[in-house]
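Next, two complexes with chain A in common: one pairs it with chain B, the other with chain C.
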Partner chain A sequence: MSFEPRPTVQPWARVNKSRRAEIIFAALVPLAIAIALIAFGFDRNLTLVGVFLPIQVVSASVVGYRAFGRRGVGDAALIVFVFFLASFVLVLLASVVTSLVTQGSKALSWSFVTQNNIYVSNTTSLDYGGVGHAIVGTLMIVGLTTLVTVPLGIAMAIYLTQSQSKIKNLVRTLTQAISGLPSVVAGLFVFSMVLTFSWEKSGIMGSMALLPLMLPTVARVAEEALRLVPVDLRYAALALGAPNYRAFFQVILPAAKSGIITAILLGVARIIGETAPLLLTVPINNGTSWNIFSGSIMTLPAYIYGYLSSLFSTSQNRAWGGALVLMIIVAVLFTTTRILSRPKSMKSKPTKQKASK
Partner chain B sequence: MSESSVTKPAPVRRKLSAGPLSRGDKWFFRTTSIAANFAFVLVAFILIFLFLQAAPALSSQGLPFITGSIWDSSADPIIMQIGPMIWGSVLIGAVGVVIATPLSISLAYLIVYMLPNRLASLATNLVDLLAALPSVIIGLWGLFVFSPVAAEWGATLNTYLGWFPLFNVSSADNGFGGSPFIAGWIVAIMIVPIITSITREVFSQLDRDLINGALALGGSRLSTLRRVILPTSSGAIVGGILLGLGRALGETVAIFYVLQLTFEINWGQILEPKGGAVASMILAKFGEATAAEVSGLMASGLVLFVITLIINFVASVIVNRAQPWRKN
Partner chain C sequence: MNSLAKASTLSSENISVWFGERQVLSDVNLIFPANKVTALIGPSGCGKSTFIRTLNRMHELIPGAGLAGSVFLDGEDIYGEDFDAVSVRIKIGMVFQKPNPFPTMTIRDNILSGLRLSGRKIGNADEIVETSLRRASIWNEVKDRLNDQAISLSGGQQQRLCIARSLAMNPQVLLMDEPCSALDPGSTRRIEETIKELSSSMTIVIVTHNMQQAQRVSDQTAFFLADDNTPGGVVEFGSTEQVFNGPIDQRTNDYVNGHFG
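For the complex of A and B:
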């Protein structure tokens, strides 16, 4: 019996070459069958769920069985279902974004962003009229809410991270519970105050209605940001004789700066598209108004809402255009938060597995 | 020596406390605790003011306000009952949760246990982007793009599973638009990010030794998921589902466009174009409401607020308890 060199076995390599071909084959066959069936005129949804998915599960199970034996079968089914369901969500998201871009770009132009809506009827061409007044109104109302909410939310976060209070957990739970406040209830709340004190509906009422919706987001994200600052930094400052407030403003706040900005931006993104509270508390206006303390003022969500149910195609285009503008604002805010919250040094790879306990 | 120690009483144990030392600190902590207590004030104010305005309707309508199913503003005295709306909200919330839960758990499993780091963070960002979509945009998309597609799904379901009471309709001629099924899908899209983010966090914080142990004992992916991962994280997942349910009950604008509001209870035929939702009803009726009707809408808002507050509070307690690493 001659001595043969052992083949280099790599137990950690899950897939060898022939197996890889098998997997590609198993992935392509169900796809080909499904495409063929749809091309022959079968019902799309039924083919996807009733033909494609079962065949995919079976073919993956066969590969799994050949690779790992019986336990491979269940794994294969699990992987197929997980990918199918998760990609379904991504398809829905992609559908929202693509329809926004394709439909909204029809209306989008420089004049659409700058002009207001006076003298615009349902049949006016898309070259005239736009959302300029709504952008102004939204920025002013959201800006006022932000001015009030941010100090409040950060103070709440300080309380949740630094005080020794016994009701801290209750406050945290309640804040989280308020984050699920239905937006229409926030609007009704301010409207009930308007009725009780016989105030007047105006932009500032809209700001008030947005406050309870923004506060929990700011407080929670700011709390996370403050918690990421090592507690030793604070103790060091206190040990050097700094009072707590100087330790906060000169040590903790600078360290948590990007997290705090993220909290603010996420809060703004949360409320900038809120519709129901503004519909209930802010009178709409077709012209540009710079006064949020009295009178009517337009906002982007109200603009979209107003044109949404119209039967005229140009009006529907205006709704899509307004939605695209709103989405662009949200996307800019969102991207900024992602850039800010990116880990500082990319050298130390962020491991998914954090220290437990 | 012993006598003297008997006569002298033992010193009282002093309580050690460290209060704020400077005046600035005193104000600092006072301000923050006022801000924290604002959460309580806010909830109290909402309850008080809504109740003040809702009182006339509540006293004139009585208990049938939440059980009956007639809304007649031209009757004298006016009849306002929101039973079908409350039940409709619950039905839509249930459909939404049933759809969203498997989607969310799959997404979380994919992100934490299957994708490489870079793809995982990309997927996380996409899910968060989904959470950032304003509901009016979802409503716009739902009305023009999604509703026709979902109506097609509804028709398919009805054709092949129509014998099952849930997918039964009184007549296929009514079409399949405007049904609680479609509203449930819309709601599901909005709560998937909530459930996913909580599930993802609890998955990624799971003790790796547990999973490695299960794998070392010969467990497969499936058995590890079923026997180890899901049981240990079930608390947080249930909390996430409840948070999603609370959001679903309060969803207003998106549902407003895709649902046919009818003052008639639809017990469970989710494909029938007949449904209700408290929040959307408030929005629909608010524009032309008389003073008496406004009071009824305030009462509806109060009912909605109380229901969602209870659900959200319970959910938050569960989530906080299931995530001990969040406490400091």
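For the complex of A and C:
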């Protein structure tokens, strides 16, 4: 008996060569039909869901059946559905981003980011005026909320993971309930306090209104992050003679660092675009204000809201520009935090392993 | 580390443990003389691991655990008024079944972590790191990469790092709860050699499921057993030689010769 290699078999290839043509055919026919129908004037969305998807499922199933028998049918259908839904979500996201970028970029310029809104009317050219004051206000109000919420949220997460108290589950349920609180209600609550105690509406009132919206997100995600830290590590620390608080701050918290940063980012993302609470509690203005403790201060959501309902096209462009700036701020915030919080081991491992060899 | 702490004699008197309503250990009386290695053997669920945890009060971390009896470290009751759990654990170190180095720390920081966690002064850090790693016989493997993350080590190396981490605390007693059960034979052999070297400077208690290991490393052996629905207890306690080669109790004989368990 001889053991000759079998050149036709390529175990690493996902698809048998002889079936490649079949697969391409099965993929192109439904597409061609759909394009033809749309070209004849059929409704695009209806064609995609009502014609393209079923034909694609059938054709993929046929190919699957020919290749693997009955089990191939289910596989093929599932693959088609998953791809279809995934592309649906991607298209949704892409269209939001492109509409933001195309509309917003008309207004976006260095002066738009740096200047404030004084002396700007509905007909002022886009070269003048901008969202500088709103960026300052948003960063300050959201920053203050974050500053207060993060310690509170982490403390709550510690309580929910470390405590053996009986009312823990009640606290967790209430936290979840608060996360379902409509933001306008949070705004109304602070607004009613302003009226009751005759406080002054100001940036700090906005921060107060945002706090109950951010807190549950931070607490719940941080709780999950702390829960993922193996209990072995806590035992190891305590067996070395650590008091509970040192074990927590030196071992458990660092091990959960990346998850806790995610918690903070999700919390910031939750509130940075909130409009209703700010409209109710923060008086708006057109100039730049660095004082969140009294007086009026502008925020990006309020800026967008104010200009979006305008009939003038330059004003609408300003609103789109503000939305684009908000999205860019979130993107920059997320990427920098992610890069800064990357675990050390991921950065140093490959080079060190080479060196040790 | 200029001088190593003296090894201490540890003894338990009438230790009984409950988890909630259920009693899991009953009247354990054992003595662990200084510089001796004691092996605790017995089938799963007989309370060995629970018992070893009572020796440095780690069982207190399990909700609902209750204890009766005393543990004496050189004649002083570690459950007495002069001790709290933290000061007990500083003197009595512990190595766990699964290697658990701190993943966020480097090898060097792992060694120093005990001193930092217990809030003690770190004198000559480099010397402490080197001495501890040498005593755990892992120095030669890691000396060039002390600043690498601890989790980049292999499982056996991680376990020896954990031993070195305990040694940096300069304990009088070292408790080991199945330290080799997750390791390959080569790493196991090295840890056994380490245990023998360490016994010259400390008292060691080791839980093991491996009969050969108990025979290789220990001076004396305690056989634990729990009959159905009764709390576990010590069936036989004596020199390793006697327990394995001339057990008095029939059940010990059956167990060490592999008839059950």
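Just so we're on the same page, the second predicted complex is superposed on the first by the 297 of 357 C-alpha atoms of A that agree within 3 Å, B and C clash if a C-alpha of one lies under 4 Å from a C-alpha of the other, contacts with A are read in each partner's own complex, and residues count from 1 in each chain.
The rule we apply is simple: a residue touches a chain if its C-beta (ideal position, glycine included) is under 8 Å from a C-beta of that chain, and two chains touch if they have at least 3 such contacts.
Computed from a predicted structure; not experimentally measured.
Student: Between chain B and chain C, pick out the one touching the greater number of residues of chain A.
Tutor: It is B that touches the greater number of chain A residues.
Student: So, A:90: does it touch chain B (first), chain C (second), both, or neither?
Tutor: A:90: touches chain B, not chain C.
Student: In the superposed arrangement, which partner chain does A:251 touch: chain B (first), chain C (second), both, or neither?
Tutor: Second partner only, chain C.
Student: Would you check which partner chain A:243 touches, where first means chain B only, second means chain C only, and both and neither mean what they say?
Tutor: After superposing on A, A:243 lies in contact with both chain B and chain C.
Student: After the superposition on A, what does A:183 contact: first (chain B), second (chain C), both or neither?
Tutor: first
Student: Of the two partner chains, chain B (first) and chain C (second), which one does A:166 touch, if any: first, second, both, or neither?
Tutor: Neither chain B nor chain C is touched by A:166.
Student: Do chain B and chain C land on any of the same chain A residues, and which?
Tutor: 243, 246, 349, 352-353, 356
Student: Which of the residues in chain C end up touching chain A in this complex?
Tutor: Per the touch definition, chain C meets chain A at residues 56, 58, 61, 63, 86-87, 89-90, 93-94, 96, 98, 100-105, 113-114, 116-119, 144-145, 148-149, 151-152, 162, 165-166, 169.
Student: Could you please specify the touching residues of chain A with respect to chain B in the complex?
Tutor: 43, 45-46, 68, 71-72, 74-75, 77-79, 81-86, 88-90, 92-93, 95-96, 99-100, 103, 151-152, 155-156, 158-163, 165, 168-169, 171-185, 188-189, 192-193, 195-196, 212, 215, 227, 243-246, 248, 269-270, 272-276, 279-280, 301, 304-305, 308-309, 316, 319-320, 323, 326-327, 330-331, 333-334, 338, 349-350, 352-354, 356-357
Student: Once bound in the complex, which stretches of chain B touch chain A?
Tutor: 20-22, 24-25, 27-29, 31-40, 42-43, 45-46, 49-50, 52-53, 102-103, 106-107, 109-110, 112, 114, 117, 120-121, 123, 125-130, 132-141, 143-146, 152-153, 156, 160, 189, 192, 204-209, 218, 220-223, 225, 243, 246-247, 249-253, 257, 279, 282-283, 286, 294, 297-298, 301, 304-305, 308-309, 311-313, 315-317, 319-320, 325, 327-328
Student: Taking the complex as given, what residues does chain A use to touch chain C?
Tutor: For chain A paired with chain C, touching residues are 164, 230, 232-233, 235-243, 246-247, 250-251, 254-255, 257, 343-345, 348-349, 352-353, 355-356.
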